[in-house]
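Heads up, the next two complexes both have chain A, just with different partners, chain B and then chain C.
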Partner chain A sequence: MERAVPHAVPLGQMEVFQTLQRLHMTIFSQSVSPCGKFLAAGNNYGQIAVFSLSAALSSEAKEESKKPVVTFQAHDGPVYSMVSTDRHLLSAGDGEVKAWLWAEILKKGCKELWRRQPPYRTSLEVPEINALLLVPKENSLILAGGDCQLHAMDLETGAFTRALRGHTDYIHCLALRERSPEVLSGGEDGAVRLWDLRTAKEVQTIEVYKHEECSRPHNGRWIGCLATDSDWMVCGGGPALTLWHLRSSTPTTIFPMRAPQKHVTFYQDLILSAGQGRCVNQWQLSGELKAQVPGSSPGLLSLSLNQQPAAPECKVLTAAGNSCRVDVFTNLGYRAFSLSF
Partner chain B sequence: MSSESSKKRKPKVIRSDGAPAEGKRNRSDTEQEGKYYSEEAEVDLRDPGRDYELYKYTCQELQRLMAEIQDLKSRGGKDVAVEIEDRRIQSCVHFMTLKKLNRLAHIRLKKGRDQTHEAKQKVDAYHLQLQNLLYEVMHLQKEITKCLEFKSKHEEIDLVSLEEFYKEAPPDISKAEVTMGDPHQQTLARLDWELEQRKRLAEKYRECLSNKEKILKEIEVKKEYLSSLQPRLNSIMQASLPVQEYLFMPFDQAHKQYETARHLPPPLYVLFVQATAYGQACAHMKSSQPPRQDKTLSVAIEGSVDEAKALFKPPEDSQDDESDSDAEEEQTTKRRRPTLGVQLDDKRKEMLKRHPLSVMLDLKCKDDSVLHLTFYYLMNLNIMTVKAKVTTATELITPISAGDLLSPDSVLSCLYPGDHGKKTPNPANQYQFDKVGILTLRDYVLDLGHPYLWVQKLGGLHFPKEQPQHTVIADHSLSASHMETTMKLLKTRVQSRLALHKQFASLEHGIVPVTSDCQYLFPAKVVSRLVKWVTIAHEDYMELHFTKDIVEAGLAGDTNLYYMALVERGTAKLQAAVVLNPGYSSIPPIFQLCLNWKGEKTNSNDDNIRAMESEVNVCYKELCGPRPSHQLLTNQLQRLCVLLDVYLETESHDDSVEGPKEFPQEKMCLRLFRGPSRMKPFKYNHPQGFFSHR
Partner chain C sequence: MLSTLSQCEFSMGKTLLVYDMNLREMENYEKIYKEIECSIAGAHEKIAECKKQILQAKRIRKNRQEYDALAKVIQHHPDRHETLKELEALGKELEHLSHIKESVEDKLELRRKQFHVLLSTIHELQQTLENDEKLSEVEEAQETSMEADPKP
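Moving on to the complex of A and B:
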């Protein structure tokens, strides 16, 4: 542990409350700015903090440069998902998606640009939005979450064009197949569904928990993370982290990781995953664990690879989860420091 | 030869021609005058220069004659004898002349000497006269300077200024026409005026003296009258006491207290005055009832006044005492000599000595429980300490876990954040401690009372932080500004402690005492039960594996109280380590959870356990209940039971295991899981009675 046990200092009521709040903070989502120099992180109190990666990575970085450049209250509930277009930061959580101008955020004038709510059927509880996905070819945004549907929203007009129904429980994650306009979604019902955006139809369903190789009934069925690369798909959650061949719908590799995974991504010829436990795991496609790099949070919820060509010096991996800290990995094998709310 | 003889004769002739003739005449002169021959007189007549010439001539003649005689003798012959005879006669004449000259020379010498002597005597006389005159001059000069330097006495007298003199003095004294020109007369006149004035003032002084005496006599008479009045007044006071008591107007008692208060050291005095003032102000604000009766704050002074008075006695007395005690000590310790340690102990005792007087503050709360505060003043350390005691209206059954709640040691700890009352607030004390080998005041607080910062402030003592001590004086305004807030804090502290005390009594028996006005926070049916509530040590808390976060965040100080709660439902056991801050209930108790059910679950491996913790720790404001939210701890524990119910009932059923679920879902939930971290619906919606996500 890098943090030494601090001496117990006398605290007033406000300080105790703030310390407790920080202690129980969870960072659900991250997004890198289009310029590649800033990282936005959203927590369970609905706040979004923007960190300056370039300042924190520079040689004369101080303790302050690891603190947020700006923090603002974005939502009433947790910020579960964020994506960045070339000008906007889109954030979603408690049923609404909000847009913020990156340029304005950096000028610290944080006023929402617009907000949209997908047409929900239920009125008792507003469903959350767990995942946002940009479809650059169509210039649209896909939202998915608590109401078990995928909503496609045209970014030009702001209108919700389609709703894709099929999941029987809420949706955890989304992934886009780059070549064909197809979207993958994974949900609490344990199924990964493949959707054709042109026809708005479900093309394929893989019920992961039904495959004995990867099923882990004591953890549940839910699919918590999903990533795809051409014909390959990797998904995990309640069932074990598994690499699938999509055309044949067969599991090819089962990664030996007991803890449920909450985020997975392809990176070059590796698969990076994170979840319960302190570590970021690096897998060979063959199922071999290449490395486990410990972070500072007891559990990780999101990974973010900054691959913006505009800022090659800020090419880092960031990981966040059940703490108020965002770990920054300057290369894949080493955690350099933590940004902190 | 012939030439020689001629030469010889010539001077003879000259002589016979000149000098003898002269001498003859002189002789005849003197013979004619004095009828006797006096060679002295002859001297005056002859010229010494000529005598000298004569002398030279005679000598030459003699030499010549001698030479001729020798010549003749050496030649020898018969006629030589005649010649020699002739020559001898001639030489005899010359010898005669020489003799005469010799005499004359003697006489001249004598005469010269006499003359010189005479002259010298004259010079001496003149010199003496000169000396006398010089001396006289000097003497006179001295006299003159003496006169010039003479200081008259009148110069020392501070006279009125000149203008004033001419303005005020009567003309017969000032005599302006005379004195204006003559400074001497003027001074004399001014002196006269001065004398006149002084005479008048002396007269006045005498008058005043007599006046004073008269007044003194009057005063004495009046004093006698007053002193005779005192016993009478006392007897009247005595007689009125029952009436005062009857009317609840203990003026006399208050008066006595004020009398005692005069002997209080300054900080205690400030505290006494301010507390009394605050107490009266509160009582007056209350109502029209007679004041004093429902007083919430009463102030009293305890201790011996005589001892306090003795402190101000002159040091000789104490010296005597000391010697006495020394003698006693000698008697008692004859066998055992005081060791160095004993001496140091005595020094320590001396340093930590309390003032014999102390101020008692009784703070009454609404439920008739009373907080007794005793304030002491440590004279040598210049700090104040307090001892606290709580008494309740009804006898309390003391639960084991509540041991520390009302103990005098901890009941007032951290009244203000960080004020533990273990360290001395006066930075100067550390140096004093070093001298007598006291490491910290901490070891003595049980005996002395706690030197909380607020106590110093109530006493008007303000100490700069970590700086050398300036003069610390008791300041009324400082005390006044802290009195109200501190009293309110004290009251809430006692009430919250008493409330905790009551709650602990039930908690120990496994009953979570939810009051009726907090019932709406929880569903009607709660299955999980509290089975254990025990106090644990700080060290034990620090060693628990699931409390690391709290320890790292600096929330587990050693002034807090630590408890362990165990909540059970079926086979599931939920341990909760509780940090109870002394500032309860404004600072909430902090819970750390560890669930033993299908493996050990803590916040590091189960997001929902983490969510449960944040439900009780962060969202505690919903659980405060009605003000002043003393029921917070109970509500948090009940909430924990509810959370455990929800956690267990919503746990997804493992299809592979045969048989029914251990915990059938009884709670009404909209959804079981939500969000990326699959939160369970922990939020309870009151009137509808269902659970939803936060």
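Moving on to the complex of A and C:
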């Protein structure tokens, strides 16, 4: 029986545009809702899509549950970073930080609650905001990005309280060291700086590229990702992914990963990292690679662990990067399915 | 007629027995059902317990690995006692050498002073000798002029 040759359906202009958009999409940031049931993802077109994790993980999940519940245009530029507080979703990208109510986000035509722009030194160019960090004890938000400063904003009043200067090039990533409390920032200048929030001073500087064991000059000296566990810190990027002991500023373990890593996090007794390769890597603190789980995007830019206590059934790891898909790992050993923009 | 009656009685007795048997079976099944429920609940608890233990064990493993990582770094550095001993030995050598240097310098100073004294005495002697020569020349000149005068 001859198989009929399928006629080529002429795609409309709109559909071509949408397909091209999805092809060139990069998802930069993710954030889990405070109830644990929804995941928001921000892409390079400035759109934020909200997926329902509980629907996608339930036993009656269909193809539509893997599509976003709602997508809206949040920013004019890419959404580089998002965090969630108890009730709000904060997103930042093109120099502004906007807040959205989680309760309102699922309705169509959601409007932002407020938007703020940190005081920049030059008003000509507006530098992008690469990283957001919540400091729950002080109820403040720390922004860092293209203007090489860390701005601290009080969430209640919306006023910008401090600007921490010290980096000589733009800042990629932030991490919070809970015990002190201190903020770590890593940037293009290759240094990880620790700032004390109360005195607003730089407490410690670790210049990663100066240490021979971990520096890789052919990749550059930029620090792409940071994670901290109070006494220990993992950082990677241009130099190799290394575990540092903060008190003595010594590199203790170097993880043998050639590709620069873009996101790293501590989880139980493992370190999860993702970057230029397709896989999510799981490392033990001793430097051994425990597992490498491939995802669906050619490169990964962000990982998000849903550990919200309100929704233990949605406890998953989601990874997103250079594609329009968000991979969901229910068990760290394999990729269960992918949500798609 | 008697036989049909007895047959009816017999079948009724049989059905009564079967009824009893069914009731007892039901009780039995109920018992087994309850037992299984209990064991399921017990298994759930054990699972929760085991999960907690796993978390604990992971924490312990993490601590052990952190310790190992730091220990490796520490091992690279030399032992503290040895370094202290080396420091002490070096300190003593330093003292000894500085003593020697001091004594040598003292000797040098002494010699320098002695030479100085010697040279200055030589110069004085030279001066005195020259002075004496000059004096004797002047005296001779005076004598010859005196001799030349009284003989005109």
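One rule holds for everything that comes next: the second predicted complex is superposed on the first by the 329 of 341 C-alpha atoms of A that agree within 3 Å, B and C clash if a C-alpha of one lies under 4 Å from a C-alpha of the other, contacts with A are read in each partner's own complex, and residues count from 1 in each chain.
Criterion: a contact is a pair of C-beta atoms (placed from the backbone, for glycine too) under 8 Å apart; a residue touches a chain by one contact, two chains touch by 3 or more.
These numbers were taken from a predicted model, which means no experiment stands behind them.
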Quiz prompt | Combined model on chain A where chain B meets chain C, clash or fit | solution = fit
Practice problem: With the two complexes superposed on chain A, say which partner A:Leu141 touches: chain B (first), chain C (second), both, or neither. | Solution: neither
Practice problem: Considering only touches as defined above, state whether A:Trp222 meets chain B (first), chain C (second), both or neither. | Solution: first
Self-check item: Partner chain(s) touched by A:Thr252 [first = chain B, second = chain C, both, neither]
Solution: second
Practice problem: Put down the vertex angle at chain A formed with chain B and chain C, C-alpha centres only, nearest 10°. | Solution: 150
Exercise. Return first, second, both or neither, reflecting whether A:His172 touches chain B, chain C, both chains, or no partner chain.
Key: first
Quiz item: Looking at chain A, does chain C or chain B touch more of its residues?
Solution: B
Practice problem: Applying the touch criterion given at the start, work out whether A:Thr26 contacts chain B, chain C, both or neither, answering first, second, both or neither. | Solution: first
Quiz item: Touching A:Val97, do we find chain B (first), chain C (second), both, or neither?
Solution: neither
Quiz item: Once both structures are aligned on chain A, how many angstrom separate the closest C-alpha atoms of chain B and chain C?
Solution: 27
Practice problem: Under the contact definition given at the top, report the residues of chain A touching chain B in one complex and chain C in the other. | Solution: none
Quiz prompt | Contacting residues of chain A [partner chain C, same complex] | solution = 231-232, 243, 245, 248, 250-253, 268-269, 284-286
Self-check item: Residue numbers on chain C that touch chain A, as the complex places them
Solution: 55, 58-59, 61-62, 65-66, 68-70, 72-73
Quiz prompt | Sites on chain A touched by chain B in the complex | solution = 3, 5-13, 15-17, 19-24, 26, 28, 77-78, 80, 124-125, 128, 130, 146, 170, 172, 188, 217-218, 220, 222, 224, 259, 262, 276-277, 298-299, 301, 322
Quiz item: Any idea which chain B residues touch chain A in the complex?
Solution: 414, 417-420, 549-559, 581, 583, 586-588, 590, 598, 603-605, 607, 610, 613-614, 617-618, 652, 654-656, 670-671, 673-678, 692-694
